[in-house]
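In what follows, structures are represented as structure tokens.
In the two complexes below, chain A is the common chain; its partner is chain B in one and chain C in the other.
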Partner chain A sequence: MLLQIRTEISEQRAVLFLEGVLDISTVDFLLTGVSGLAGVKEVDLDLAGVTFIDSTGIGGISKAVTKLRERQIYVKIINISADLFEIFDILGLPEIFGTEMFEKIRAGNS
Partner chain B sequence: MVGIGVGQQADLPDQDGWVTIKNGQVIVCNPRGCGKFPTLTPDKNLQVFLNGEKIVRTAFVHEGDSIKLQPLNTEPFLNLEVKLSSDKLKAFLQVRKKPGKRYVVEDIPPTGEATVKASIAQVIWPQLTFEQVRDLLHQNQVVYGINEEAIRQALELEDENMSIEVAAGQLPLPPQDAGIVYTFQNSGRFQGTVEPYGQGNPLSVAVGTVLAVKSLPVDGKAGMDVTGKIIPPRPPRDEPILIKSGVSLIQDGAVAVAAVSGKPVLEGSIRKYLSVQPVHIINGDVDRKTGNIKFKGNIVVTGSVLDGFGVEAGGSIEVWGDVLHASLYANNEIIIHNKAITARIQAGGLSSQYRRIYGVLKHLADRLKQLLSSMEVLKRQPSFNTADLKLNGEGRLVQLLMDFKYKDVPKLVNDFLSVLAETENWPQQELVELGRDLNEKLCNLGPLRIKNQAELELLSQEVQQTLETLMWLISNTADVQVGYVQNSVVRASGNIIVKGQGSIVSELDAAGQILISGGKVRGGRLTAREKIQVQELGSPNDAQVIIRLLDNCCLDANIVHPVVIIEHGADHLVIAENCRRLRASVGKDGDLRLEREYPGTRKEL
Partner chain C sequence: MTRTEETEILYQVCSLLLQAQADEQAFTEITCRLCSGLGASCCSLWLARSGGGRSQERLAIYQAVKDLPSELVNLDFTVAKQAIEQGQSLVWQKLRVGENQEMLLIASPLLRQAQVVGAVCLWFAPDTHAGNVTLMLVHQIIRNLAQGIYNYTYHSGVNGRSLSKELEMAAHIQTGLLPEKIPDIRGISLAMRSLMAHEVGGDYLDLFQTPNKLLGIAVGDVMGKGIPAALWMAMTRVALRTAARTFSQPDAVLEEVNRGLYPDLAGQSIFVTLQYALYEPVKKILFLANAGHLPPLIYHGRTGQFELLKVKGIYIGGLENYKFKLAGVQLKESDIVLFYSDGVTEAVNAEGQQFGLRKVVDVLEKNALFSAAEIADKLIIHLGQHIGDTRQRDDISFLLFKVE
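And then the complex of A and B:
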């Protein structure tokens, strides 16, 4: 299953709805989607539809967050499943990016 | 049995009936007039049937009743079992038996109320024969070590329940393990005039001296269990004589002899290695005639080490005279029988570097373990796809972990490499190799070259093994013993012992203790990890002394003059008054604690 990204923008706030597998074959979609955002001050990455992730996918998320922050854009990761958050937690992402970046963690499998 | 009637006549005066039992026969006589009918009550060991029905309580009877008395005879009971111990070295015969019993009905004279009883007439014990027991043992595969005498004794016993050991196997005879006797220990044989280095030399051997003898391992003897199965003895443990330089093994490794003349040394805590460290004797002073002395083994200077010269030993150094404006460096202990003035003395070689490396590698080992554990947990996550790891190697995951949670790992490796770079020729080549491996795999893009987790596990094991070696190297402490120290720097991986007048304006640094029990410390700095003991500390003429307590070190000083500064970590206390019996220690909370006495009082700060 490929990754689909739907973007909704309203009043300088963009929400990227990710659905599918975020891995070595799809991570570029995310990076392209993020770099294409213009005129926004806030971006939410909605990971509710992400079923699987691999090491490249995690690296992609990290790169996307870093690039957005470099552009002074406030980033949040929302609707992440508990399983996925555990993966991020083991890797120490909340320690690096701040726990406040993660919102609405969903219980159960994604 | 049938009740035999005697008759009842209504016109006769009232008379109670009666019943009697004789030879098992019941005879009943009905009452006369309004007399009472006789009764029968069954008691133990028999049953009473009245007109075909069993009675369990008192019943009246009359002539013509069918009365049957049936004694409750029992048959003998026997149960035999053979039980084996868990190691099958013993077999037990468990016997449960109960005798059978034959009863007869007791006679009862004529009475109105008869309680019928039966008493034992015969006790019959069950028959148990030797053959029965033997067959049972064979059925249970017990064929070895059968004790026929015990069985016969068991047959004679009338106990109802018993357990008797009827067969015993044979334990294997244990082997004799190899043992090593180090002949130079516990003996004055190698001291004094017997050996070539003569007076005062503590321990030395000549070429060809037997240093160790091994008693060869002897095999044990097989045993047998009661089922006839052979029990082999454990193999004997062989303990080879481990040797390093200066020692040769002969007679298939059973005897170790000195290949060079020198000092026999047995080192190592678990695995003991025997070596002979050559001794270089300088007869007289180390001066411009001899030049600087550098020797891989031990050095003995029978004179003094004079101005500007240095002595460096791979083993120990012993100076019978003084060390004056000179330097001594030894991997093992240093003994100066007289004084050291303006000298630099270091015993224990690279010990301080080993300690620093140990600290870094310990931290690194813990972090690698955690990293490996994180990898395991991640790979088990159902939402985590590992297909790319299989394709490109698990190094990507290692890199990812080190990018985020384990950022400190490359820094720890660099710290290790920095300490390594401080010394050119490490005696432990494995340290250098470990540094290279860690640098290749954990620094820069190294993690990406890791193919699988096993590679990292191997690296982690390598670090762990190096820690064990370092532990041993650190525990191999070296002391400095000196008569008197002045304007000198003395460092020891073990203890510093000043036996004479004391230490004047000197810097003493010991990983163990500093003991100046009978002397004075005037000026300078003393640092130790375990204990500092001084008779007199400080000077009436204001020569400041700094005492640094590391870890849980404590200071004991009998007489203290100001000014003495005591430091522990960032904590420090200043003793600005004369006092006695000063004790400085580190409390549980890590704070410095002082106890001291002023004349006539005792005060604790």
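And then the complex of A and C:
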């Protein structure tokens, strides 16, 4: 299954709902989707529908956040599973980007 | 056409290009998607051949509209020939096709580093709006197609065989980067095992004796897989071994590695997880610093308890001049320490179930009386039984020592 991204934009806030696999074969789609956002000041990356993520996918999220912040866009990662957040925590992502970037951590598997 | 629709078309084409190396049917799919995405009546994709003069091969042609004039196929050939031989592009060109019909055409050579690798032709109904939005999107697609066609020719022909040979050599070199012999350290038995998922990989395992006679242990994992990961793994090894000769504390070593690799890693949005430990055999103390890697597992043989030695620290390439933490643990006789990559705990079977940390602990528990090498072999056997006939998705690497 590939990655599907549904984008909802209201006023100056965009929510990107990611569904499927985020790995080397799909990560460019995320980056293209993020770079195509125009006229927004806030972006939420909703990971509830992500069924598999590998290190390239995590690197892609990190890159997407960095690129959005360079454009002065406030980013949040929402609906992340507790298991995935634990991996992010081991890698140090909350320390790099700030714990406030993560919201609505879900119990259970990704 | 909205930005989302444009992105969708680009994504679909790129995804199909990834498949194209193994499946030529993907080219037909690409032409079909281009027709539906851009509203074209017909699309063709051509490969440039350069043996004994220039020639061309049609990879695919798709007609989205029925009853197009039969002359279209020949005209398509002529237009593609001009694009490939003369590098000539046609943009919204009105052409007569057959006796009574006109069509609009966009035809372009596919250029990769100034070399023509193929051509694409898009035929539209004469009343199509000849807009710049479609044209810009076509230009983007052409760039991706050029790279995709180049990859296809590279991997499917003699170049593919050459690449295979180079991969074989790379695998040989990488195997040579593993410690040639396990250092003989008083009071412990040591073992390490590595099973690559591909010819080369991004897992890093290292063992060496430091200038002050301690045992240095390094375990790491580079983001991604294959050749790029293997290149970074080799660079990480050089950086760590160099730093370990200059600095004596694990946290200082990781700081030096991060200082050296950060500019290049951050520039390419790549990260490396890395753990560096020092074992002092006389006092049986393990010192550790961690850069985003999974915590080592310690199994206490005397009590049957296990713990994860968690030391926080961000991955290499995360922040410039980051200060890593140093932790230490007093080990006792019969303790087993396991350093591992995520390929161990995340190894999946046919049902998609992961091996998991619990099973790793079970193997250590049941085989705690054996030496490190025997425990390592048992763990490999259990992992193999778990994976079965399923394709191994990730590199599996681990290193363990037992205090005797």
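One rule holds for everything that comes next: the second predicted complex is superposed on the first by the 110 of 110 C-alpha atoms of A that agree within 3 Å, B and C clash if a C-alpha of one lies under 4 Å from a C-alpha of the other, contacts with A are read in each partner's own complex, and residues count from 1 in each chain.
We take it that a contact is a pair of C-beta atoms (placed from the backbone, for glycine too) under 8 Å apart; a residue touches a chain by one contact, two chains touch by 3 or more.
All values reported here derive from a predicted model rather than from experimental measurement.
With both structures placed on the common chain, the touch criterion links A:Ser55 to chain B and to chain C. By the touch criterion defined above, A:Phe29 reaches chain C but does not reach chain B. With both structures placed on the common chain, the touch criterion links A:Thr66 to chain C but leaves chain B unconnected.
Shared-chain residue A:Ser81: touches chain B; no touch with chain C. Contacts of A:Leu2 after superposition on the shared chain: chain C is touched, whereas chain B is not.
On chain A, the patch touched by chain B and the patch touched by chain C overlap at residues 24, 54-56, 58-59, 62, 90-93, 95-96.
Of all residues in chain B, those touching chain A in their complex are 374, 377-378, 381-389, 391-392, 396-397, 400-401, 403-406. In the complex of the two chains, the chain A residues touching chain B come out as 21, 23-24, 50-59, 62, 81, 83-84, 86-87, 90-93, 95-96, 109-110. Taken in their complex, chain A has these residues touching chain C: 2, 7, 24-26, 28-29, 32-33, 36, 38, 54-56, 58-59, 62-63, 66, 90-93, 95-96. By the touch criterion given at the top, residues 3-4, 6-7, 10-11, 14-15, 18, 221-225, 269-271, 273, 291-295, 312-315, 318-319, 394 of chain C touch chain A in their complex.
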